[in-house]
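Each of the next two complexes has chain A plus one more chain, namely chain B in the first and chain C in the second.
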Partner chain A sequence: MKHLLSIADLSREEILEILDTAVSMHEVQHRDVKKLPTLRGRTIINFFFEDSTRTRSSFELAGKWLSADTINLTGKGTSVSKGESLRDTVKTIDAMGVDMMIIRHMASGAPAQIARWTRCSIVNAGDGMHEHPSQALLDAYTMRQRLGDLEGRHVALVGDLTHSRVFRSNVLCLQKLGAKVTLVAPATLMPAGIGAWSAHDGLEISHDLDAVLPAVDAVMMLRVQRERMSGGFFPTAREYAVTYGLTKDRLALLPDHAVICHPGPMNRGLEISGDAADAAQSLVLDQVSAGVAVRMSILYHLLAGESSGAQSGEGSAA
Partner chain B sequence: MRPARDQGPVSTSGGPTDDTGGRVVLAQSEIARALRRIAHEILEGNKGSQDLVLMGIPTRGAPLAHRLATALHEVEGVDIPVGTLDITMYRDDLRSQPVRAMERSQVPDGGVDGKVVVLVDDVLYSGRTVRAALDSLADLGRPRAVRLAVLVDRGHRELPIRADYVGKNLPTAQAERVSVRLTETDGVDEVVISTPEVEAR
Partner chain C sequence: MSAETRPNTESLSTGSPLLITGADLAGAGAGDLLVIDGRIAAAGPDAGDQAPEGAQRYHAEGLVALPGLVDLHTHLREPGREDSETIETGSQAAAAGGFTAVLAMANTSPVTDTAESAERIWDLGQRAGYVDVHPVGAVTKALAGEELAELGLMARSRARVRVFSDDGKCVHDARVMRRALEYIRSFDGVISQHSQDPSLAGPTACCHEGELSGRLGLPGWPGVAEESIVARDVMLARHTGSRVHVAHVSTAGSVEVLRWAKAQGIDATAEVTPHHLLLTTDLLTTYDTVFKVNPPLRPQEDVEALREALADGTIDIVATDHAPHVRQDKEHAFTDAAFGMLGLETALSVISTVMVAQGRMTWADVARTMSTDPARIARLTDQGQGLTVGAPANLTLVDPDRKVTVDAANSKSLSRNNPWHGRELVGGVHLTMLRGRVTAREGLVWGAQA
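So, the complex of A and B:
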């Protein structure tokens, strides 16, 4: 494994290996000395063209706790803002001899394109409305920690599916782990062509959150991405919250063992109420904590072994 | 279940053989006797069981540490804390090998600070595993002293490391192979020496 661009590139066995290793990595977070020498001498650049709190800091911590040297770059502070092309910027950084670039970009497919321009490992930390594979892995890890094996478990993904890269990676990851997935959203926030997709992949689609909640083991509330919305996808925020928000009343519909996830950042009072976000079943902060462990596992799998050796330049992407 | 750790390629002559033609150098009763002796030596060296902690190095060091704890209990009547110390992340050959699966480290409740930690492993060979274990232990706390107990010392050290307690010194050629098999991991208790040629037959 050289790059992590999409969950689609991982086999079920590879996903399980990353999740199992993350269990051991998680143990490091509870030590006084949060440091392993594993990636000593490796250099990782966090290249984030979009704002991020948890993903960027969690990748940075993961790299530091594995003893790699980590540098943070944002699109605004680089030569990209002076008009340099993305390709030239990436090749410039590549020429400095870094081992890995962790890319977040507003354009779907940008990390995959960058992987063709460099010899270092590329991790997709979220690209446009495409994928966010490390988030899906940490979500699966968090659910597994609470629910055990996800084979046969039922997970509902609820909310702004159209604009969500988290949802796309999660569907792929959960299905590879044998979970049943139900998508819940208003018709306006269902991705185009989802009907054909669901027929092929066995996804269930619903517009009735109240009917779905009593049957799930986990419910993942997705953020309403108003910054990506150019038109009116729902009449009012109030109406959305009443129809698709995880309100206090709706909380009572969940089975006792069911867990609540949210990839963050949360719009409290819109897709998730304060009561649900802070409920005992809420794993929101567990997801954040797991994020570092899972990303340590990802960095370890991509950079530690012999197979991670540098390959020659252009066109070398897997 | 992991295969018996490859302890490098050992001369084979005389003695009972196992299924693959290797020579059995320690049988079940001898392994048990060696561990009882090591337990006595640990108590003697430590002047009792005060502050002792056993840390087994996976895979086969872990069950050996538990057996040693049982032997110490039989001799002294006290329960010695037992943990495991995974050294995967501290190996110095990570870049030249495929990615290895991690095991879990488990530190006993009282931690290792101020304790006399006895590292337990099945075979002492190059010393690189013990070096990694010492680094790993340093990240978990500051023991008062660290000792090393191994079932077999086969020589060929590449680092200045020696064991405090040894079940059996086993001079070997580098071309020979030492396999420690334990009931917990392999279904049988025995230490076998073989050569690659014998294994191929």
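So, the complex of A and C:
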């Protein structure tokens, strides 16, 4: 495994390996001295063409705690406006001899394109409306901590699915781990061709959150971006909150053991009420904490794994 | 035009009579073509009898002779982006692809929206001498979609503009479209519409809206954004009694609307590109920007409907939408990369492969859809008149059985955004002749002074 571009490229076994390694990485996080020597001498560039404090700092800590040299680059104002192509931009960095680029880009597919243009490992840290694989892995990790094996478990993904890369990676990850997935959103926030997804992939689709909640083991609320509100995707914030928000009343519909996830940042009072966000079942902060451990595991598997022979190395898109 | 592209060994001199022997005359059976003084002096099985003493002979047995191809939809990028293509390089590519005339779209920089700018393009085309370059005039000033460009002055200019288009953008305001259609009637113009309702498919829309766009997370370009404009425009054409032409039709729904419009006797014509007849939306899976084109590649069902519509005449013609781009304009993230692909040099081979070799069309149909009808829609008087006595000797000789593996490096275009690279196609252009003068043979081109 050379790149992490999409959950689709990972086998169930590879996912489980990453999640299991993350458990031991998570222990490191609670020590006073957090450094492991694993990636000493390796260089990782966090190349963020789009702002994301949360994901960037999580990857940065993961790299540092594994003793890699990490550098942050922002790509704002690069490429199109300067007349330099994206390919030229990343080839220049690649030519400096880095081992890995962690790419966040506002355009879907950019990390996959970059992986064809460079020689170093590429990690997709979120690309447009496409995928956010490390988020899906940390979500699965967090749910497993509470629920155990996800095989046969039922997870609802609720909210703006169309524009959500978290949703796209989570669907693939949860299904590979054997979970049943139900999507809940107004039709305007369902991706194009969702009917075909449900037919091929066995996804369930619902517009009735109240009917879905009593049967789930986990519910993941997705962020509704403020700019969507003027886009005519739904009438008003009030209508959205009442119809698709995880309100205080809806908390009571969840089974006792069920957990609540949200990839953040949350719109309190819109897709999730304050009561739900802070409830005992809420894993929101556990997700953040797990983020560093899971990303340490990803870096380990991509960079150290190959030299130690732990990974087969096949199947990666070179 | 440059001397180094002109081999000294070229045996076909101009001026002296030429007898082309044994070609299949656009599907009408084998015969000869006698070319004298840039015109067809005789055509048919007995044409050789009329050849004067000392006429040169060109053995064309096994080849198909077509009237010179005419492309109603070409982007030549001059003025403004001469790094992507110039009138000279673009018309070289056209000649190599069997074309004798192209219509150069108006979305250059500055936009072709005055008589002067149109005449300049016409003159540059004549100076290059590979093909006739007819400027398309903008419908609205600066393609802004608001005020009509000087349509009448462009029509009266030396360039005799008859085709008007804001291509690249849709004339989306119904009132502006109505006025344009009314206005051009007096000089028999036609509006070639880029059908894309911007409120349904905005500027970032780049992938056919469907399951794949949903999975890839690419902004969707739904078929209805095209179909709703086609439907509106055919109704406006009926209301105004004017001519509308639908550029690069891409969906089965648009075909249905066109079929209905033609049954009503509405003067609506349409074109389809070679790429929409063969390539499908699933090529976007790897985010390879060479396949980013507007309108986007569609699913197989649409492709099938387009093939059927071209074969039965619902879609009138093939047009390339040749859209050259330099490397750095394509090597961006998919949503940021430029729209468009090359098409002039491969169009005939693609149509031969998809339509002729598959038995969907005859060579007579190719002559109609790639020469006669595009010339008729553009009201060209010197092109697309068929292999008839007295017509200008604009000819394309095609080798119907030749297997062509496309190599982007061999292109005459300045750009390399060639979606056909590495593909094997059946049927290739052997020779192109403009008014009796050979402009291209086997991919080598000759300019005006040849």
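Brief remarks on what is shown
What we mean here is this: the second predicted complex is superposed on the first by the 293 of 318 C-alpha atoms of A that agree within 3 Å, B and C clash if a C-alpha of one lies under 4 Å from a C-alpha of the other, contacts with A are read in each partner's own complex, and residues count from 1 in each chain.
Throughout what follows, a contact is a pair of C-beta atoms (placed from the backbone, for glycine too) under 8 Å apart; a residue touches a chain by one contact, two chains touch by 3 or more.
This is a predicted model, so every value here is computed, not measured.
Superposition of the two complexes onto chain A shows chain B and chain C fitting side by side, with no clash. In the superposition on chain A, contact is made by A:L36 with chain B only, not with chain C. In the superposition on chain A, contact of A:A280 is made with neither chain B nor chain C. In the superposition on chain A, A:R165 contacts chain C only, with no contact to chain B. In the superposition on chain A, A:H301 contacts chain B only, with no contact to chain C. Counting the residues of chain A that each partner touches, chain B and chain C differ, and the larger count belongs to C.
In the superposition on chain A, A:A252 contacts neither chain B nor chain C. Of the two partner chains placed around the shared chain by superposition, chain C is the only one that A:A196 touches, whereas chain B remains out of contact. Applying the stated contact rule after C-alpha superposition, one finds that A:E27 touches chain B and leaves chain C untouched. Seen from the CA centre of chain A, the centres of chain B and chain C span an angle of about 130°, rounded to a multiple of 10. Aligning both complexes on chain A leaves chain B and chain C separated at their closest CA atoms by 28 Å.
Touching of chain A by both chain B and chain C, each in its own complex, is seen for no residue at all. Across the interface of their complex, chain B is touched by residues 17, 20-21, 23-25, 27, 31-33, 35-38, 66, 300-301, 304-307 of chain A.
By the touch criterion given at the top, residues 209-218, 220, 222, 286-287, 289, 327-336 of chain C touch chain A in their complex. Interface residues of chain A facing chain C in the complex, by the touch rule stated above, are 79-80, 83-88, 105-110, 112-113, 116-117, 127-131, 162, 165, 168, 191-194, 196-197. Of all the residues in chain B, the ones that touch chain A in their complex are 86, 89-90, 94-105, 135, 139-141.
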